[in-house]
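What follows is a pair of complexes built around subunit A, which joins subunit B in one and subunit C in the other.
And then the complex of A and B:
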């Protein structure tokens, strides 16, 4: 049970805040405003294929997300807007399978073979956009901001036009992160107000279905368990969420039932064993059932569930980005192999493998 | 927006901006430079002029006021009225004071919006008529108020003037590109003035019933009388509307039903003890020439005043044989009224108007109308009908029967292509105003009560023809010579908003 660094990509000249992986492409968001697209086939075939126009956003790119079932990328920025990028097809992408390992991708700016186009810019938030997330079907985009609100936008197949469907203002502070359930129309938002809120579509508008209280500090991130066969009817007992906080804990929350008013009842099922010394910035619940967490102390940890809904730490690696804080961790499926990707203040994206 | 007077659900309301919307203008004068252009070191530096921010600057921004302070503010503001009322009763004892204004007797006039009557009647478990009588009796006996009126006279003028302007604009073809937007919701007006200055020219400049009622009340006073106009309104932005410089002396104090109830609790008054059966009170408390059957009534259309609907009604009268289609929009807060000729499909849409409310819909609307803020490359594709929230039965009702191609093709509201949009900041309009009483805990129950009040609104009042009444009033009174218009001030935007705030680096 060891974590091994597979690849370290020095991509950005400043903090790397966010990354997302889909159809073999890793996208990164950074303070330096250059969104990079890197093709990752396996540890030996990693290549920079695009650097998006860094004049579109005026401030840091805080969050990037690939739209499911399409070739669209959304990026949320501190300049309060969200940009949408696209490429008609990724088929004409010729990625040479040269054996040359590209460690320093910043040098490869003349190898842009993808060339994604800017499709749209979405305005609405009053200040820094902190998080963006696509619903599983790709028709809804959730955005959250320091302006304390969560917005839900609707789009069509083309992804060019966006209409605001809901403006949700129930958090009392900066909203750091939003994430959709992998199959249900359910959104979770995490905030500086120490709570996580769950949002559901109540016929005419989205509303808060539940408030999860318990963390004793800012909640930075949350992630749903990847139960892909869940439906609204089979939710009970199998809908779970994990969260990461300033209070150095990772918690697992479980949905109990709906009450008579349509509100959801949740409980805190577990607090994972303590690993981190300081703020935990990111948490990811993999399809393999394992939870990964990372944060200010630079440690990457993997937890596994045991009987009785207890959890144990099965892997731990310190100083994953040297002395720098690590902002994000995600489980990514690279051609069938589950790897972990982390992004840190050193501007690097690191890929990790672990052997059970 | 100051509907945040409770810690409750604020979804879909315009929220206060986090930064002061008043652009900082620093008046720099060269300090310590004498006539010769030399710097004098020993002089004391002159003080920089203090930036002053008045209420009229703040108008619905409240960026610097946190939610909790606002809540406290609201709980205090009926105190403003109580203080003023105490002063009203202090007769000028100083004989040396020669100013004519002090020799005038101050008269308390109270007006109350219909949505407030519904809300308070529901709260005190009375019928509308029971409430109206009880309310008048209370104002008369507790506060020695002279007049208590409904706001329909003001609304009649707002509606007839709105139609006058729209019909003229329509004739000139000025409504073909973009619709005009109503200016009767101060929350929306102020939001537009402060954050969307490009859209200010689209505001249809006709004052709201609140302001016009104040003006009409002033007309009915005697020479030696001076009005103090207290009004009950459904939301807190009406307070800000009353303090606009262009509304001087029309309204002196605005309170909401929530505050009214708090006030009575503080005064330890049992509202029910003022119940009365005598209907003559309606006439006794009406100014001369004011028919209570008019000013206590309402008109058909939305619970916010029916402006969009009344426009279409008049257009229908001007085009005999036409039919009004009521087309639901993407959600329950958008609806379009479309005037068509059922016998001649080729005439197309003769006129149309829309009702649109709630922040999410206002967002989409301003984005659509303010073209400068949309940046995308390539041609704008027509949006496919996105997620329908309406039941299929509603949609089926709308199919046109004469055109075989159009059979069973559901119509979708297109508010941005209408002649006029009645915009309300509160989702669902004034009957869901932030100052109305809704003590339900869960969102589901809150919605149910809001719906109940809305249903009550449409059933509780006698209806008058506001267009006819408004025009008549213009012809027969001093009203005719007044413009009843606001002075809009579009605030120039700073492109770079460099906010020095905490917490914006993560």
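And then the complex of A and C:
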């Protein structure tokens, strides 16, 4: 079993807050207001293919997300807006495969083979947008902000227009992060008020279905278990969520049942073995069943579930961005191989291979 | 910020602090001298030249140097610094290599208070004994710095701003391996937890640093730093 650094890409000149990967393209967002698109085919074919217009946002890019089944990228910024970017369809895209794979220096050059254009700007939040997430079908976009609200936007296939269908204001403090379930119409939001809230659609009205209490500090991030065959009928089996907090713990929550009022009952099923010494900023629950976490202490950890809902740490890598804080970790599928991507305050995106 | 009114009996009566310190400095000339040698030196110096500034400063400096417990002297941190400088051993030390509590104090004590024309050190908002540095000595490992600040009044709405100033100052001055925790000293503020949470929320601090108005105020506070 080993966790190896495959590639380190120095992309940004300031904190790299967010990254997302789809269709062989890695997108990153940073305090330097730049969004970069990198083609990743395998470890030897990594190339910067576009740098988006950095005059669109007036402040840091806090989160980026590829729209499923589409060629759109959404970016949320501290300037309180969300931008939508489009590119030529993936099929037409031929990224030249010369032998000069990207290393640290070439990643910073301006060789671009892909042009993404601004398609829409979504305004509505009062201040910093902190998280954005697309529903699995790509028709709903959730955004959250320091203004304590979560907004749900509906769009059509083109992704050019966005209509706000719900403003959810039950959190008592900043909402740090939002994530959709991979198959169900279920949204989880994490907050500075130390809770996670789950939201679902009750007859065309989005309402809070559950509040998960337990963390003793800001909840920075949550992620659903990837049970891709889960439907609303079978969700009793395995509907679970993991969460990362300022309190240095990662918790796993399990859905129990709906009560008479249609509220969901959830319980904290496990607190993962302590690894981190400081705030945990990000968790990712991979399709391989493994949870990865990272944070202020710069440690990257991977946890595996054993028989009885117990979890063990199967890998731990300290200083994974040197002495810098690490803001995000995500499991990504690169040509059928699961890698981990991390982004840190050093402005780097690092790719890690994990072999069991 | 002060929605919570937690009456705390331990709270030091507020606005006394700045003025009390001022008095100490002002009275230094003739009162507050416990040491006979100091008094003699002072008289000697005065007899040589009693025109103000330079000499008075020298007297103060001598006085501080002769005192037994300089770390307590929050009213005039300069002398502490200078006494360090006089020690040749410290002369060429790269601050990146040795960062101790004194270094953190020197970095933060000269920050101006946002509402008084005085420094955080003079107002005893930042105090040397309330600084902790945990450094294992390995330059590839992280260093933890904890600063407990004492706001001048219990409902001081500027506590967050002061904390932000300290954080910005330290993040700019220290290498990235430093992890800085800024806390209000226990019992010094009505909404301690709220302020602490805010001061140590990376995302909020990052956003605050992109707020031009706020950054303007912070920059002004930092102008007096050396």
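Definition applied: the second predicted complex is superposed on the first by the 345 of 356 C-alpha atoms of A that agree within 3 Å, B and C clash if a C-alpha of one lies under 4 Å from a C-alpha of the other, contacts with A are read in each partner's own complex, and residues count from 1 in each chain.
The rule is simple: a contact is a pair of C-beta atoms (placed from the backbone, for glycine too) under 8 Å apart; a residue touches a chain by one contact, two chains touch by 3 or more.
Every value quoted in this text rests on a predicted model; they were computed, and no experiment measured them.
J.: Quick check for you: in the superposed arrangement, does A:146 touch first (subunit B), second (subunit C), both or neither?
T.: both
J.: Go through the superposed model and pick first if A:192 touches only subunit B, second if only subunit C, both, or neither.
T.: both
J.: Would you check which partner chain A:167 touches, where first means subunit B only, second means subunit C only, and both and neither mean what they say?
T.: A:167 sits against subunit B, while subunit C stays out of touch.
J.: Considering only touches as defined above, state whether A:156 meets subunit B (first), subunit C (second), both or neither.
T.: Touch status of A:156: first partner only.
J.: First (subunit B), second (subunit C), both or neither: which does A:278 touch?
T.: Once the two structures are laid over each other on A, A:278 reaches subunit C alone.
J.: Does the superposition put A:200 against subunit B (first), subunit C (second), both, or neither?
T.: Touch status of A:200: no partner.
J.: Applying the document's definition of touch, where does A:78 land relative to subunit B and subunit C: first, second, both, or neither?
T.: both
J.: In this superposed model, does subunit C or subunit B come into contact with more residues of subunit A?
T.: Counted on subunit A, the partner with more touching residues turns out to be B.
J.: Mind working out whether A:297 is in touch with subunit B, subunit C, both or neither, as first, second, both or neither?
T.: So A:297 only meets subunit C here.
J.: Taking the superposition on A as described, I'd like to know which of subunit B and subunit C A:124 touches: first, second, both or neither.
T.: Once the two structures are laid over each other on A, A:124 reaches subunit B alone.
J.: Using the superposition on A, tell me which residues of subunit A are in contact with subunit B and, in the other complex, with subunit C.
T.: 78, 127-128, 130, 146, 174, 176, 192
J.: Report the residues of subunit A in contact with subunit B in the complex, numbered from low to high.
T.: My answer: residues 78, 117-121, 123-124, 126-128, 130, 139, 146-149, 151, 154-158, 160-161, 163-170, 172, 174, 176, 192, 202-205, 207-208, 261-263.
J.: So in the complex, the part of subunit B that touches subunit A is made up of which residues?
T.: Against subunit A, subunit B makes touches at 9-13, 15, 17-18, 67, 330-333, 359-361, 363-364, 367, 373, 375-378, 380-381, 383-384, 386-387, 389, 427, 442-445, 499, 503-504, 506.
J.: If we count contacts the way the header does, which residues on subunit C are in touch with subunit A in the complex?
T.: Listed in rising order, the residues of subunit C that touch subunit A are 140-142, 175-177, 179, 197, 201-204, 206-207, 210.
J.: Using the touch definition up top, name the residues of subunit A that touch subunit C in the complex.
T.: The contact residues of subunit A facing subunit C are 15, 31, 59-60, 62, 78, 127-128, 130, 146, 174, 176, 192, 217-218, 246, 278-279, 281, 296-298, 319, 322-325, 345-346.
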